[in-house]
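Order as written gives the chain letters A, B, C, D and E; numbering starts at 1 within each chain.
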Amino acid sequence: MLEYSIVAGLLFGLYFSLVGLGLNLVFGVMRIVNLAHGDFVMLGALAAVGCYSAYAISPIAAAVLSLFAFAIVGFPLYYLLVPRLLRSSDPEMLSIILFFGLSQVIESLTTIVVGPSERSIPGRALGGGPVHLLGQTFPSAWVISAVASGIAVMLLFLYLYHTRAGRLTRAVMVDRNEALATGIDVDRISALAFGIGLGLAAVAGCFAPFMLGSVTPAIGVNLTIQSFTVIIVGSLGSPLGTVLGGLIYGVSLMLMQTYFSSWAGLLPYLLLIAILLVRPSGLLGRKVRYV
Amino acid sequence: MSSEASGIATASPLLTVKNLAKRFGAFQALQSVSFNVRPGEVLGLVGPNGSGKTTCINLITGLYKPDGGAIQYQGRSIGGLPSHRLAHMGINRSFQIPKPFKSLTVRENIEVAVAYGGRGSDTAEIKRLLEFLELDLLTDRLASELTSGQQKMLDLARALATKPALLCVDELGAGLNPNELTHVAQRLRELARSGMALLVVEHLMDFVDQVTDRLIVLSVGKDIFSGPLSQAVQDAQVVEVFLGAPDEH
Amino acid sequence: MSTDLLTASGLDAGYGGVQALWGAGLSVRAKETVVLMGPNGAGKTTLIKTIMGLVQSWKGEISFEGRNIVHDRTDKRVRAGIAYMSEIGCFPGLSVEDNLRIGGQFLPAAEFKRHIDDLYDRFPTLAQKRRALGGSLSGGQRKILGVAKALAGKPRLLVMDEPSAGLSPLFVREVIHVLGQFRDSGLALLIAEQNIRFLDLADRVYTLEGGRIGFEGTVQALHADAALERAYFGLKKT
Amino acid sequence: MSKALRHSLQVLIPLVGAAALLPYVYHNQLLLFNFIVFLTLAQGVNIIYGFTGYLPFGYVGFFGAGAYGFAIAVMHLHAPPLVAMVAGASASVLFGLVLTPMLRLSGPYFAIANLAAALAISEIVSNPALESITKGPYGVSLSGIFQPAFSYAVAIVVMAFSMGCVLYLRHSRFGLALQAIKDDPISAAMAGINVVRARIVAWLLSALIAGLIGANFAWFVSVFYPDNVFSPDFSIFAIVFALFGGVATATGPILGVVLLYGLYNVIGISTPQYFQLIYGLLIMALVLFLPNGLTSLLRRWGIHVI
Amino acid sequence: ATAPSEIKLGTLYASSGPFAAISMPVYQGLKLWVNQENAQGGVMVKPFNKRIPIKLISYDDQSNTATAATLYNQLVTQDKVDLLVADSGSVLTALAVPIAREHKILLFDQTGTGGTFFTKDNPYIVLLSDPVSTIWPKYVADFLTHEGPKLGIKRVALLYATNDFTGTQANAVRGFIKASGAPIELVYDKGVPTNTTNYTVLINNIQAAKPDAVIQMGYPGNDIAFLRNLHDSGTHFNWLFAIYPGLETEHLEKTVGADGLKYVYTYTPSSAVEYHAESGMSLPQFREAWNKAYPDGKVAFGFNSVAGYTSGLIIQNALAVTESMDQLALRKAVFSLSGKLKTLDGTFALDENGAQVGEITPLGQLVPDGKGSVKFTVVYPSDVATGKAIYPAPSK
């Protein structure tokens, strides 16, 4: 039971790293709190549901498609919202409210379009039966989602540390004003990061029907909070930190479910509070933060 | 200046710092620093960048707790006391990077200090102070609208509003032109004449020359010299780490 | 004047409703070093930021190499060949090497490679610290990194706001020395400074008072003007 | 001080008068009660966000703590309502005390931690393991003390108290000190302010206000579930209303609640199907076009704001 | 008295937020009834002895409880409705209970099954369309305690979501089993938060307890996640009960897949037991009308939609027999239907406090219908049973 919980926690945690990844990027680069993040995950999930039921497109193909589609949507959305926001007196705080509003808009429009009920994709759409891993049996969807999440983290890592745009992105993360003064087109770089952030959220969404059973338009808030737990535990700005945060979250959630199941809902909150109080900069703290 | 100095030498120290040490993580910012300041004395604290001057002031004013050594003020140990207590006891400072209350006006900035750290100052005092530091034309401006130089003056005014017995000034001179420097130097001397003890951190040697009675030179967290500037310029170690080749000025 | 690299004229600018510049202007010729002086709050920072496009000008013109740049964003101005060294100077969270790469982001890869090696030769301190984070450098080293980062893009003109503020005498000398080398190899400099040592470097001087340009001329002319001499160097010289 | 008094009367008399008289004209008393709840909560947010800069994204935690403190006192101690309100307020202040270490966090970290804390306390209260104390997820029914008119009157007093607190902060040196801390805590300490204590006082004051009105709410509705009194909408609405009006003023949040919550109800009653959509868009427009609140607009037009 | 030109029926619904998924079907079911009646010129009202059109006044509370409270009050004090119908679910109904009581207006509670609502001192509430949650699982428990030991069921696992609806049912199951004295042991008994979406580890833990029968109680989202995780992880239980495979069969078939529903025990909805609806449409008719009225399929058809429609039927029947439009007279009229009225939802019956105790759903089992889908077998109690329980459930 213990081993099973731990391995399951690792797989589940890896998936949650993917859920938090985009949020982390957006917060790191723009210092804005995208409270609508979970809603973009939800939209990604519904996109995958739609692709599958209308055109029988596999969720993996849908993930690739929605990565680009959402990234492209992110661009105009960035220019519509963020530059104006950053001109205000307290953008960090106001972003919380602005994106809460956006989350409401997304949820209501989604409900108007698809209705409030649960939607999902049959399990067989993502590979066959159970998979044996480390002497335990898991749904294949878990393993596939975990692998997809690993790939996404790697790609983001490569982008940030081995491309020119990635280097500029990190520069903007470190100091927006200095970046402006150095002649970086801060808005374009940020818009790109924003788009990638949304794209990653959508990719996570494509696997949500398998990891969460089903999705409804109202699921966004929960996902946002879980994402925050993951990225804050791991520390902001670092994709590797997000993975660490995800793993810790996943394993402790599964252990909680096993031993104190009715209190499992408390876990993300307690984890978040504890980490913030003990190490406000997250577990990977400042030193490794920008490595 | 020498007559003043001799008077000071006989007074007992207001502040005594002994073997002060401070670590940040693995980095030892201060290894061992010792010095003392007497009432009416202006002590210069100089040294290369990163030698620990600001850290010293931060420790004396309660921003950090020391990891080792002792800080004594008026004969009692103050290491680790919170800043507001120290302000009440008569220790205050200005900041290297000015830190005014940006959403308050210049007057309100000073009023807060008078109300909470006042030690008996009043509204008349505020007016005098503003004139003293030439902030009187800016009284109703928001602090955020001031230039960094003006903000430094405001910092100083706010510190003075608490009527400190010991005032630490961190790089007041950076960004001032020589004429302005002279003006500020005169102000600091006036304060010293009134019996205040001053600890002045500064890189501009002309300014140091105008203001200080005595110098402490720090290098990598240690004090390597103590004495007047005229001696410091002859000290080989000080020249090597801090002043560079002799100055033609 | 045809040899003008940068010309700014009739600039009005400010913050919110508060005007800080009143028809200010200056010019920098190719390969020339210009020092901008002025009392506290005169508007030096504002003028420099306006030239860089970091503060929006309300009125006036700025041209660089004969082209009007007043409507360009900062990044376009930098791309055009004006580098700016802010008070912070560098990205504390990135390595020295990454800082330099970002400074040289617009250069072709091969050219950048050659250029960066040259920079490391000139600044041996940085060469030793390639992998160190900008934030781990001391104040003086950071300023040097700031200069190197600004130079990494091979600008025609380097604009600096108080490069010496807070530097120990030893480092002030080093910065002046390095800037001297680059001036000799043809770089134009515009420096807002209060430290009179920088006058040694200057070809011409502007003074700014209350947001307006006061004196404009050579260093010799400045020294010859007794009133100005008193205003700026005050009792010190007497 | 006479200016302070005049301002207080200018704000308090019309507001209390309106709250007291409107039920005779307009019979949806619960709507009026909700206005009072949000007026009070918005002022509580104003105290902690407007004067100290901490965004209490989990402000509803105090509200719910107050409601459950009240309910527990009634259910288990058979306390009369006014005594139970004290119990509710104490529960809320106690919760605030437990959370004081969070004041070390800054910016969005505080907001997120506070949100987490509110969700945590709601999880705890609604856990079936605590059924014997809180009734767990099964909801509380206090039908024995159902007194709408009396509890409405008490709510007016609580609201007046919250206004009084804000007016005090607007005019006292303590309020000035809080703003100084908000701008720069280190400088504030050097100015002689006990930063930690001042922040805790403001924090507990806003907890007290939310706790009182939460207890009052429990009394007024008398039947509720954890989801009712820990609904995150309370926090969000209170914050949005306060911001819309303009924080760090006494009248801003009042304007915010009256206009926005009024509008909210008008939309809710006239065009329910696009309710959430319109409201979401409204919130976004507010942040983008009026980030410093309505009072900033008034100031720009040269109107003095109390 | 002169007949009014319309009867005002006020209600709330949640088009978004956590309660939307259960609220919308109920609301649309009720609306369907209103439209049908109005198409015939209105509903028959006895005191005026004629058909009077119904004016439906409805607001969207967005699952927001403070808003819901205000809107209930709006219905009562401003719109002055003649009939007050609650939003569905206990949380959103709770707010209406004191409001109705204060204003002395009868609350027609559709599916708010919370036990705390129904007290002796409050006559202003009647529950219409769902049985009160404490008696829902009666046949589930009875089957296990009576038939279980014969089949070899001794060890039972109970997993439930800790909300009012399923928590109460879990408590009831526990109580029934204990009271029966049958040799049944609860080897696993745990609550999980209602927002649990991942059951793989829990399933593994349950399996480790080696139960003969598993009862899992949750909202639709929980059931979907549980059944999918069970199916995907290749775990097999011999006997498994869940709530929504029966209540929202089509919806679960879409989200879980028929494979995951095979041999699952569940509450049998009216579709499987032929309740002879004496009032209103039969189930097939209702479904046809539903599909015609709501062709977009955004809102799930199922148990909740039937509940909304049933609410309408009960109101209709009450109006047909009431002495006057006085609220207590209405209550009396509703009580007079108790035990007599049969709708597509079964027999309507009230206890003395107004709680509904008639429409108890028998225990059913979903079995393959041979066409790749599943169909119901009613397995308990024996008087309505259509087949025998297949135990142990065959594994693939």
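Heads up, the rule we're going with is that contacts are C-beta pairs under 8 Å (C-beta built on N, C-alpha and C of every residue); 3 or more make two chains touch, one makes a residue touch a chain.
All figures in this text were calculated on a predicted structure; none of them were measured in a lab.
*Asks:* Just to be sure I understand the contacts, which chains border both chain C and chain A?
*Replies:* Touches both chain A and chain C: nothing.
*Asks:* Through how few touching steps can chain B be joined to chain D?
*Replies:* Each step joins two touching chains, and the minimum needed here is 1.
*Asks:* Would you mind checking which chain's C-alpha centre is most distant from the centre of chain B?
*Replies:* E
*Asks:* State, to the nearest whole Å, the distance from the C-alpha centre of chain A to the C-alpha centre of chain B.
*Replies:* The computed centroid separation for chain A versus chain B comes out at 49 Å.
*Asks:* So the centre of each chain is just the mean of its C-alpha atoms; given that, what is the distance between chain B and chain C in Å?
*Replies:* Roughly 30 Å, centre to centre.
*Asks:* If you average the CA atoms of chain C and of chain D, how far apart do the two points sit, in angstrom?
*Replies:* The computed centroid separation for chain C versus chain D comes out at 51 Å.
*Asks:* Between chain A and chain E, what is the gap in Å from one C-alpha centre to the other?
*Replies:* Roughly 36 Å separates the two chain centres.
*Asks:* Quick check: what residues of chain A touch more than one other chain, meaning two or more?
*Replies:* Each of 107-108, 111, 262, 265 in chain A touches at least two other chains.
*Asks:* Could you check chain E for residues that touch two or more other chains and list them?
*Replies:* 15-16, 162, 191, 193 - these are the residues of chain E that touch more than one other chain.
*Asks:* Go through the chains and record each pair that touches.
*Replies:* Chain pairs that touch: A-C, A-D, A-E, B-C, B-D, D-E.
*Asks:* Mind pulling up the chain C residues that touch chain A in the complex?
*Replies:* The touching residues are 52, 54, 73-75, 77-79, 83-84, 86, 88, 90-94, 98, 101-103, 105-106, 133, 149, 153.
*Asks:* Under the touch definition given earlier, write down the residues of chain B that touch chain D in their complex.
*Replies:* 61-63, 82-84, 87-88, 92-93, 95, 99-104, 108-109, 111-113, 115-118, 155, 158-159, 161-162
*Asks:* Contact residues on chain E for chain D in the complex?
*Replies:* Against chain D, chain E makes touches at 15-16, 58-60, 62, 64-67, 69-74, 76-78, 90-91, 94-95, 97-99, 101-102, 114-117, 119, 121-122, 162-164, 167-168, 191, 193.
*Asks:* Over in the complex, which chain A residues touch chain E? Could you list them?
*Replies:* Where chain A meets chain E, its residues are 1, 4-5, 8-9, 12, 107-108, 111, 114-120, 122-124, 129-130, 137-142, 210-214, 216-218, 222, 254, 257-258, 261-262, 264-265.
*Asks:* For the complex, which residues does chain C have touching chain B?
*Replies:* Checking each residue of chain C against chain B gives 15, 18, 37-41, 45, 138-141, 162, 165-173, 194-196, 230-236.
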